[in-house]
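Two complexes, one shared chain (subunit A), two partners (subunit B, subunit C).
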Partner chain A sequence: MSNPVRPTTQAVDISATRASAAPRRTVHRILSSRKAVISGAIILGLIVIAIAAPLIAPYDPLAPDPSNALSGPTAAHWLGTDDIGRDTLSRLIYGIRTSLIASFEAVIIAVVLGVGLGLLIGYASGLADRIGMRVADAFQALPPILLALVLASVIGTGLVNAMVGVGIIFAVSFFRITRGEVLVQRELLYVKAARVGGFRLRAILFREILPNIAPTLVVQGAIALGMALLVEAMLGFLGVGQETTQVSWGTMLNAAQQYQLLQPVMTIAPGLAITAVVLLFNLLGDGINESIGNDRNRSGRAKAWFVRSGAPSTSRPPAVVETTAASDPATLAVSNLSVVTGGEGGTELVSAVSFEVRRGETVALVGESGCGKSMTAKALMGLLPPGVAVSEGSVRVGGVELVGADSRTLRDVRGNRIGMIFQDSISSLSPVHTIGRQLSDAVRAHKRVSRKEARRSAAELLTLVGVPNAEARLSDYPHQFSGGMAQRVGIAAALAGDPDVLIADEPTTALDVTIQARVLDLLMELRDRLGLAVVLITHDLGVVADSADRVAVMYAGQVVEYGEVGSVFARPQHPYTQALLDASPGVGSRVEEMATIPGSVPPPWEWSSGCRFADRCAFASRACSTAVPLVNGVRCVRADELQLRGLRREGASSDSTT
Partner chain B sequence: MPLVKLARDRLLASIPTLIAVSLIVFFLARATSIDPVVQILGQTASSADRAQLAQQLGLNDSLIAQYWRWLTDAVRGDLGESFFTHLSVSTTIMERLSVTLSIVAVATLLAVVVGVGLGIVGATRPGSFVDNVLSTGIISGLALPSFWLAMLLALFFGVQLGWFPAVGFVPIGEDFVGWLRTVTLPAVALAVPAGAVFARQMRSSLIETLDKDYVVTLLARGVNPRRILFSYAVKNALVPLLSVVSIQVAIMIGASFVVETVFGIQGLGTYLIDAIVKGDYPALEGAALAVGLVVIIVNFVVDIAYGVANPKVRPQ
Partner chain C sequence: MVDGVSFEVGESTTFGLVGESGAGKSTVGNAILGLAPISAGSVVFDGVDISSFGRRMPLWYRKAVQVVFQDPLASLNPRMTVRTSLRHVLTRHWPSLKRAAVDARIDDLLDRVGLQPHHADRFPRQLSGGQCQRVAIARAIAVEPRLIVCDEAVSALDVSTQAQVMNLLAKLQRDMGISYLFVAHDLEVVRHISNHVGVMYKGSMVESGPVDEVYENPSQDYTRTLLSATLVPDPAVQRLRREARTGRVHALSGTGAELTPEL
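Let's look at the complex of A and B:
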């Protein structure tokens, strides 16, 4: 028997629910869930049948007819009769009454009692709270059916009494939900209270809590209805709460036990009825849970990578490009790369991006969030999310075409020819595996070496990236590392397969300012020492000025300006480049004048066919409404006429990285 | 060492829970409406006889005194003797509990293995035909009353096909093959709903895990996707499953009481139900306390397993 009533399993994440507290919207969303509406409608239908049972049932459910005992399904008795000739179908229909009354009784008691105690004890806190939680733990250490049996004997026989007991047991989980929410709200209010002053804390507290937990209570309540029905059936089966005037599916099964062989319908029908109604309650709970946005099962990033293999990562066969001189393995050549979502004719996320990096060089991709920098990086690795694909263009590493390559080739390229470093160093490591294990696996992904050798390589890698005490730290877990150290581990892992090209996706953004420079210095040192070609994605222009050779400024999926860092920064030709420079605190060196760029990057489906920056551009004219090609490294029709302001001196950038 | 400290902390934390369990068990048992004295002597007994018996059974002392006596004896392993059979409650419980626990243990093993397996299958192809079929099966499994499933299994595999005995139980110590044959059907009946819970939990937590940054990072390092799935993602996804397992064990013990009656197995269930009906306080209190203790032990083991699986919760 499952018990979703207890927290943890299907328990709804309360914090996730909070966002959807607006009651009308919640109701609307629940009504738009087919699962919730259909199961809810059937339950309503059952309620109608239960009320109208005397009109619907063909026979009196209690009237014996010994001459017709243990009959199978006949025209007169569709589901046959029981051992004393009572009509099974009629008993089943009357049984709905008992089941629904029992379930709703138990759940209403559970909610009222649980929420009430949760509010009281959560508010009282201190000793009362500690005792309350221990008692809750104790109640959950005893199986619900055991408590129900004992409580039934305490409260007195009869189903109504027995279900009071079940209600008390189920109250525990509602108590936990409510108490948890009270604690959350207390925390929030204590912070606020300082400002609110003598405002009535208690009133606010209780007013805030109920709307917040309402969706959770509804979901848990629906599931608890099913649970209560299962417990009711067990009690009936065991003969507790039996009353001769009431027909219950559990007691029907009890009676069926002796006549299983003679009349199996007696066993099958009530069991199916119980299963069906519990299923309905569960579906109702599921439907509501999904519609209020708590369903975590709808995602598909995993699908593409773990099931199919060998599927090409492009929607089109690779374009044949004549081989250039780019046979040095440490050369990454990206030309005309476009990425779309939604298949052929879908929305473009990256449009015709081209750049090239050679051994020992760094090319920076800069731009605001949402400009397609990271999407470009993922496309290079063949790690685009499902539903997103390269629609055009070419990515070559040392002459090997990656667009359209099979998964086998891509796997060989990843880590081995191209390494990648991610923004969030800690979350890029598995929390439950040691650093040594993760580094060894990265080593063993490309080299056939023993575990011991792999571990030795791992220690060498850690030393290479400047993690002190490398050997000992191999047995540590990611949470034992600081952000900066974890990023060094990330770099070590990216280097485990001796790649020629390194893609660093905002490698220092998540780090402390003091650590950023050191990690960046390490990257540059490694680039020079190992002869890597580095693609550096960042929005910190100071970093670019310090470390990159060339820069590609991206806006709304396009490269709008591409060239040597020195000349681009000194004499920007695209208004967006200038705007970025003006908005960068360190680089512009005129902090008092620091500007922000008005507006924001439009989402991909709003990208115009003309200049995509025109809406935010101070220099926009009518000419900007037609498509703009990249000419001499700049994508602006007015590039020649504009006199844009660059950096006064290049050295000015240094304060942002020290 | 951190694990030893974790074990000590958890052990200390479970003492108040155990005391709370003993209080609930004792006072609920005493609150039941059935008078053991009437049960033993019958309705017609004289009031003098009744008073004498109540005195004999120690029922005239204050409840607090009776609780204290019971608790202190229980700590020493003595749960008293049954009002009716005069057999030692501790001895009987050990016998009965071993039956119930062997069924629940097999059921847990089955449910975890099959549930986790199906969860992995569903999570790696979300939205596919296979996943939809599995999800439908899982949500139906959640709704199945285990005792009804037990009746169907007994009828079909026990009576019709004769593959397994439809009634009775052979202790594991007596005859292993006989035990396996008798334990299978009740264990399957318990395992189906619990396995559905595990499959559902595993599926959703694995899907969530496969969406994590480190999975993409591992792919970017060229690690084999099968390896990422089985040695990284599954291990991470199993961590939240642990607490679900401990909850399900408690539920399965309760469900086993009912399933045992279907198969006519003399487990803890029949002992408990009998004790409730007759007002056999020592038997009822002892059996309920034993169940509470087992669940608390299971929770403790799960907490330690959680500490092993998730390095973050280990005390530093």
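Let's look at the complex of A and C:
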């Protein structure tokens, strides 16, 4: 059970945290949710009122005043009085006390019991887990009110006892949630590392795992508080567990029943209060949930990506690299493409990138992560994340300009002219529909054909990408394909619109060597057979050497070297290309020390106006601090004088293939 | 899942384990780490059979055998700073260590793995992939282990970072005499770092021996297939390998890249 290679880019993307600013921790995120903050503040206010009830309430909530019974709202009694003349407002205020104490009691019991057991049993799994889940199932079937009633009759009446029962019932859902989360966390590497570290069980459960699942539990806690409050009110209404010295909204409702017509305020006031507070707790839970959810989604794929509509800015004249083949539908011509984040004057993520791919050709974009390869690809597809837009330049597919095009043109191009595959392409398919359905839908979106024909095309697509037994596999769901097969299905989906241009962003990064080779072979065969123009994005120079005709080496958002793969690798002219070659294992003899590039790719906001590679370049000189243009496919002021070594051939022995 | 796998990792040497995913490389690593059960056979460390430990590994074994995983970000607790993570490891194995001494050790560890003292107060998310991996290595060497299982430890890194981390591992081996079980799917990486190598296929080890011997004169077809599928940044070599493998891939599976003539 060895793990597939993980993405190199997204996982370690530190851009979100900007330099060394503190990471947005859960608390900060929650505080930035208006819903959570407002409802939280009101709840805090209620707690203060509950504590300060004797100071705030205008009357003793228990003192009858028969002369004033069933009064409506008056200046003396803002919300009127009840059947024996007790002040409704004061009773409401004292009722908050009862409600909150009761809810917190139940929820604290539930959390301590449920989370504790959930952690232990989830982590232990096996037999304990099976028994735990059976018991939980049995408990879950009981309505909380019923158990509270039973418990109250067993261990004695009183609100405290009743809420113990409610707490136990609620503990079951905390148990389930905790257990579920622990089952997930247990398999994560940091927990495995903790086990290998020899940590005690206690430390692993409470120090390592608990903080990571706490946000989910807090959400659950907020919602449970609301539910407990409701249960308390119901118990009060039923007249269970209440002592006469306690004021409860439920009891108030109960008393109001008979006088509903005489004095409606008596019913409305506690009714509204209960509804409002339950809602508040739900809002709080919702707000917290959303603010946590936002963070989780951030790593997922953004939904709406559009090239900024409206004309491209004209501050720099659009590049004039008109080519003879510009009208060939399978030609992708990118010139001076720049991508920015943060609107006008924002940070540039891709700077003036130009390259061209013709029918039957593969052009590779290569560079370390964070160099803007994926951002370039997304710009080509018109699929930029929100807040990111093309600021200038041009992208043409078969002569059609995409930058500034209206959304219909874009959609058309995206569906029919350009296809894209990712590192885990299959995850862009819906998990709930079969492959056959999704492929035929894609085919039908592109061509007017009958359902049956579309399905046949879908089967042909699968066969085309080398999925054995295609007909039968149409009824499988995405998750039923693994590794190389999944990637083939992803390729089939990208081909459903019969595109001319295929953009492949790290298509083999997650695959094993043998499967990687097969998928590359497939891509190249498809390229030849269907006459595709392929943009192959990778960080692996081996992939470039294997499959690309031309290569654009990218560094910090720019193309620093562009040319035929053979000549670029044999006689690189840019120090970064040379450094990448040197750092790749398998080139050169097995020297003890591998060549490295000091430091790392700077984040976009630190890109200098001079040569962006200067900080890490062994050849940097004073001349390098001025802006460096791309001249003859190289962006280095010293390109002519440097005699770079290129590939060290002697070690790259070809005899190992025999 | 895995059977009949035998090999030895000598003192201060590196044993590389290659093969496709699912071949059982990580399972072997996990068995040594006590993260996966051993049904038959034995893992003998310093003459002690670890299956005799029962469910809980003794602390001395935890101190002797450490791990560095593939995904550097995921292998650190997201809610702990680097300092906290390292401190927990140090105080677990040296409970009497004073706070100041712990901090001094942490500075020293960070220095050994090429990080700055200020990195101690960062959260994993604030570090790059390469830096996270250095932290994971710092955590592993914190206990002064004899063996580190490196499970695809450099696979998720960029080439330049990968080279940096490989150099770091080599340096630590020289300085501290640590042995590595180096699990990786990248044959060139394994070749660079290992003394001996084992090739795994479907749960068994089909070939093993000194690195140069296995790479230069593979005795098994499977090893040859793996080697021809390995990509090196040399277009000339790749042209040959591509020819070699397209022939072989077809012969092996028959489903490799059959194409229907028309879409």
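As a working rule, the second predicted complex is superposed on the first by the 449 of 658 C-alpha atoms of A that agree within 3 Å, B and C clash if a C-alpha of one lies under 4 Å from a C-alpha of the other, contacts with A are read in each partner's own complex, and residues count from 1 in each chain.
Simple rule for what comes next: a contact is a pair of C-beta atoms (placed from the backbone, for glycine too) under 8 Å apart; a residue touches a chain by one contact, two chains touch by 3 or more.
Since we're looking at a predicted model, the values are computed, not measured.
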### Message
Applying the document's definition of touch, where does A:258 land relative to subunit B and subunit C: first, second, both, or neither?
### Response
neither
### Task
Scan A:490 for contacts with subunit B and subunit C and give back first, second, both or neither.
first
### Task
Classify the contacts of A:626 with the two partner chains as first (subunit B alone), second (subunit C alone), both, or neither.
neither
### Task
Would you check which partner chain A:233 touches, where first means subunit B only, second means subunit C only, and both and neither mean what they say?
first
### Task
Mind working out whether A:411 is in touch with subunit B, subunit C, both or neither, as first, second, both or neither?
first
### Query
When the two structures are overlaid on chain A, which partner does A:581 contact: first (subunit B), second (subunit C), both, or neither?
second
### Query
Touching A:271, do we find subunit B (first), subunit C (second), both, or neither?
first
#### Entry: First (subunit B), second (subunit C), both or neither touched by A:545
second
### Query
Do subunit B and subunit C land on any of the same subunit A residues, and which?
1-4, 6, 8
### Query
For subunit C, which residues count as touching subunit A in their complex?
1, 19-27, 30, 33-36, 57, 59, 62-63, 65-67, 69-79, 88-89, 92-93, 122-123, 125-130, 132, 136, 139, 143, 151-152, 155-164, 166-167, 170, 183, 185-189, 191-192, 215-216, 224-238, 240-242, 244-246, 249, 255-260, 262-263
### Message
Quick check: in the complex, which residue numbers of subunit B touch subunit A?
### Response
16-21, 23-25, 28-29, 31-34, 123-128, 139-140, 142-149, 151-152, 154-155, 159, 193-194, 196-197, 200-201, 203-204, 206-208, 210-229, 231-232, 235-236, 239-240, 243-244, 247-248, 250-255, 257-258, 261-262, 272-273, 276-277, 284, 288, 291-292, 295-296, 299, 309-312
#### Entry: Residues of subunit A defined as touching subunit B within the complex
1-4, 6, 8-10, 134-135, 137-147, 149-151, 153-154, 156, 226, 230, 233-234, 237-238, 253, 256-257, 260-261, 264, 267-268, 270-271, 274-276, 278-279, 282-283, 286, 296-303, 305-307, 309, 381, 383, 411-416, 419-420, 422, 424, 427-433, 438, 441-442, 445-446, 477, 479, 490, 493-494, 496-497
### Task
Report the residues of subunit A in contact with subunit C in the complex, numbered from low to high.
1-8, 11-12, 14, 16-17, 20, 23, 188-190, 192-200, 203, 207-208, 211-212, 368-369, 457, 460-461, 463-464, 466, 468, 483, 495, 498, 512-518, 521-522, 525-526, 529-530, 539-546, 565-566, 569, 579-581, 583-587, 590, 592-597, 600, 647, 649, 652, 654-658
